[in-house]
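One chain, chain A, links the two complexes that follow: it is found with chain B in the first and with chain C in the second.
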Partner chain A sequence: MILEVKDLSVAYKSKTKYVDALKNVSLGVEAGEILGIVGESGSGKSTLALSILNLLPFSSKNQGEIIFNSKNIFKAKEKELEALRGNQIGLIFQEPASTFNPVLSIKYQFNEILKSKLKIKSKKNREKIIFDSLEQTRVRDPKRILKSYPHQLSGGQLQRVSIALAIALKPTVLIADEPTSSLDVTIESQIIHLFKELRDKYKLTIIFITHNLDLVKVLCNRVVVLYQGQVREMKTREELFKNPEDSYTRSLLDSFSELEG
Partner chain B sequence: MDILKQIISNKPGRIALFILLLLYFAVIFAPLFAPYPYDGDDVMYSYAPPTKIHLVNFEKKQFTPFIYAQTYEINQYYQRIYQEDKTTIYPIKFLTKGFKYKFLGLWETDRHLFGVGKGKIYLLGADLKGRDIFTRILYGGRISLSIGLIGAAISLFLGLIIGGLSGYFGGKIDNLTMRICEMVMMIPSFYLMLALRASFPPNLSSTQVYLLIIVILSFIGWASTARIIRGMAISLRENEYVYAAKAMGLSHFKIIIRHILPHTISYALVAVVLRIPAYILGEAGLSLIGLGIQEPEASWGNLLSAAMGIVNIRLFPWILIPGLFIVVTVVCFNMLGDTLRDILDPKRRML
Partner chain C sequence: MKDKDNLLEVKDLKVHFLQKGKATKALDGVDIFLKKGLVTSLAGESGCGKTTLAKTILGFYKPDQGKIIFNGKDITLPKNQKQARRDIQIVFQNPFASLDPRYTIFYSLYEALTVFKKVNKVQGREIIKRALAEVELEEDIVERIPQQLSGGQIQRVCIARSLINRPSLVILDEPTSSLDVTTASKIMKLLIKLQKELEISFLFISHNLKLLKKISDYCFIMYRGKVMEYGPRDLIYDNPLHPYTKLLKLASQQKLKYLKEEDINLSGCPFLSRCSFKKLECSQECVKKEVEPGHFIYCHLFK
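And now, the complex of A and B:
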């Protein structure tokens, strides 16, 4: 098991009290699998993603452990965390348009990450890595894309670029937090295939967070169903779709098939 | 460059920029434009009025500008009454030789833009010791105008760093720095300035006083900048690209420098330009009451201190001219700051 979440509870501070976002969540991720995390909005999916990188806001409190490479992430020092984020665990956000700094060019942001994370001094080596990873994610016309600023690119292009940026650091685990929710369907399917390819090619472990059961069906090996901060069901994909045990899972699948007609 | 074009297309901005550039140009090349050294006194010309410049001499059919020599009589109140001595003529020569100085501090020369040879020319009159006020305004401007720029730059730097850290990290650091800010802002700035100045020995050299004034002014000025930068940093740190940078494992320092502070720069630029007058006035205030730049060094503030008595102002109104320079500079910086704000604030651009 490459990543293990043990009994994790996270609460956010509201004006007067703490509100639970995750309650006693336990799950494990095997190396090389694609784990789907499904749930409606507000079920704690994104909180889970942020806690794995120990990026929760200052105003939150948390209990439990997250073990990655036999180290508790919550107990790690700031320096260790910096080395872990990006280099070992990558994170892809939902809204590609806002994951890039609007006033810096794509190339600049790529270079900045490579310089400070991989300590690559030579410009030539950096460029090689940039073009390699852009090719991996099937970015068309990389030269033009690198020169542009985030607002000049479409959502699909930006999401490819941000995936390229994440895999350029060669992480072992990639967390994708609803990476396709803001994209149209054709781009969505291309991106999903991209994830599959990356998994096969680099033995990348992917935690795929989504509310779309369609994607889970084609992509994931195992599925975790989250509801109101709790794990309702954790099963392989086939079993989940064949015999869902939990009442919430069943209603989720029902509403899904209703739409499918 | 785009900003510069927009400033020029705006009338008040264009005028302000032009006047300021002219002033800075004049003080940078002060020894070239000044006919005399800043401490060149001459008791024969105590409180001499501005010299009249004559363009044409019909008697001698001379068509180049010239001045007459000045003599004085002492009236019944023991005051000097200056008169033109029409028998002695000093033509105004351009690019003439005068006292020696180092041009831009690099190479020695003795060329000056204008001079009258053996005579004395006082464009804006003379002070008690017969020093040329025009010369002293140019030299004084070097101090007054540079204190504004340097002081504002230092307090902007402090404000960016402190405000950025405070807003980005929040929590205890934020609480502490903001309370310190409030303490600095709570005390009326002129009293704080006096108190700070009083805590240093009075007999410092001019360079020391110059540096001290900069330190004092930036100590007072950083707080308000820091508070506003902090507010901006708090809203900027919630941006998704900041989270993305954190998720990529970029260090806090890099995130603040790259992803937080650059977004505050347009505000900071306006704030700096609008704050420069406060520094110029602060220096003038300190020097006016004798705690700033000391004689014989000139600054616009200590030039004005000669005009503290009503009698002096009535008899020798030209000693108020340094005040005019302060007013013009302050107004120009304010106009430029307002123009910049209008340009950089996209919400106002529509209006």
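And now, the complex of A and C:
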């Protein structure tokens, strides 16, 4: 077990009261697997991703433990967290267009990350890492991409660049928060295969957050179904599609098959 | 293509956008037609001109060439536009950007109503009440502003707004792609129900072939401003013939592993640089061929 979430509850502060986002969530992630987290909007998928990196807002209340490499993330010092974020646990966001700073070139942002996270001083070494990781995500014409600014690239290109940026730091766990929901089908399918390749090549552990059961079907080893902040079901992919036990899972599968036949 | 039951015919439509002195050919000679009372779908990847076509039909863009014939009249001419604006309505992709954030739901719907009809507020309230009941929304929603509603609710309001004047054609531009599965499936059910009840024609735009298979009767596949293949739904989905349609089908099943990025080729088949079956004559313009009764394709691979 590489990452363990034990009895996690998170509540966000609204004007007058606390609103529960996660309630007693427990789950474990095995090394080298792709764990799918499924649920509708507002079910707490993204909150789970943020709490794994301890990126929750200060005003939120949290209980429970997240154990990574036998350390509790909630009790870690800021310096330890800095070493953890990116270097050991990478995060890919939903909206590629807002992942990057709009006024800095891709190359500058790549260099900045490598300097601060990996402390690589030589320009040549940095360049080598940049081109290596871009090649793995199969970006065409990386030289042009590096010179460009985020608005000059398409959604698919940007998402590839942000995946390249995440794997350049060689993390052991990668959290992908709906990485393809703003892309169209032809690009989505290619990105999904890229994730599969990364898992097989580097034994990368991936936590894949999505609401699209189609992607879960082709990609994930195990699936967690979240609903209103609670884990409703945790099963292997085959089991989930064959005999869903929970009533919510069943209705999710139903609405999915109604939609796509 | 000279059927009398064609509600809308688009003939050789070209829309070019000028960008730094260069023309981007968003639509490059599109021919489509819509039959009355049926759901026609339009599929293709981002940037292929689906939304441009929808907006040109609505009169947002002026075509550089070509005709749009609606109910026997060319609606690119200013004199025919007024009637067409009432009879053709649209539901946009992003629900959060489709309503004025400062208007209450009542006012958003009331405005759509009063543009074409003289109604006072009391009558308006009655009509809006019925319109909201049609899309299965509670009546007390009318006093709220869009910010206080969820994406699914706003999309229902947009559908109510598009139907309030009883148009004969509604264009649905990816109405469910920004919603999650459970909401999307409810909206799709609602749309199918309304279409049958009111006998309206739909032009349904999407990039998801599986979704289109569910709802449409007739289907057009577009790529880079041109129609590649069209025909009745079953022929297109179960027996796609154009290399691009095959690729799109693979992608919708998540089986597409890697796709070459395209080179810009100015003449001939637009799909040339990505096609793995290309032949010598592909650098020349394709002509339309009928491969099965009703199933047309623009490709050199078929004789």
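One rule holds in what follows: the second predicted complex is superposed on the first by the 261 of 261 C-alpha atoms of A that agree within 3 Å, B and C clash if a C-alpha of one lies under 4 Å from a C-alpha of the other, contacts with A are read in each partner's own complex, and residues count from 1 in each chain.
Operating definition for what follows: a contact is a pair of C-beta atoms (placed from the backbone, for glycine too) under 8 Å apart; a residue touches a chain by one contact, two chains touch by 3 or more.
Keep in mind it's a predicted model, so treat the numbers as computed, not measured.
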{"item": "Touched partner set for A:Asp246, first chain B, second chain C, both or neither", "value": "neither"}
{"item": "First (chain B), second (chain C), both or neither touched by A:Lys117", "value": "first"}
{"item": "First, second, both or neither for A:Leu215, with chain B first and chain C second", "value": "second"}
{"item": "First (chain B), second (chain C), both or neither touched by A:Glu33", "value": "neither"}
{"item": "Which of chain B and chain C A:Leu104 touches, first, second, both or neither", "value": "first"}
{"item": "Partner chain(s) touched by A:Gln190 [first = chain B, second = chain C, both, neither]", "value": "second"}
{"item": "List of chain A residues in touch with chain B within their complex", "value": "50, 53, 55, 58, 81-87, 90-91, 93, 95, 98-104, 112-113, 116-117, 162, 165-166, 169"}
{"item": "In the complex with chain C, residue positions of chain A that touch it", "value": "40-41, 138, 140, 154-155, 184-190, 192-193, 211-215, 217-219, 251-252, 255-256, 258-261"}
{"item": "Residue numbers on chain B that touch chain A, as the complex places them", "value": "170-171, 239-241, 243-251, 254, 258-259, 262-263"}
{"item": "Touching residues (chain side chain C, partner chain A) in the complex", "value": "45-47, 151, 176, 180-186, 188-189, 207-211, 213-214, 247-248, 250-252, 254-259, 261"}
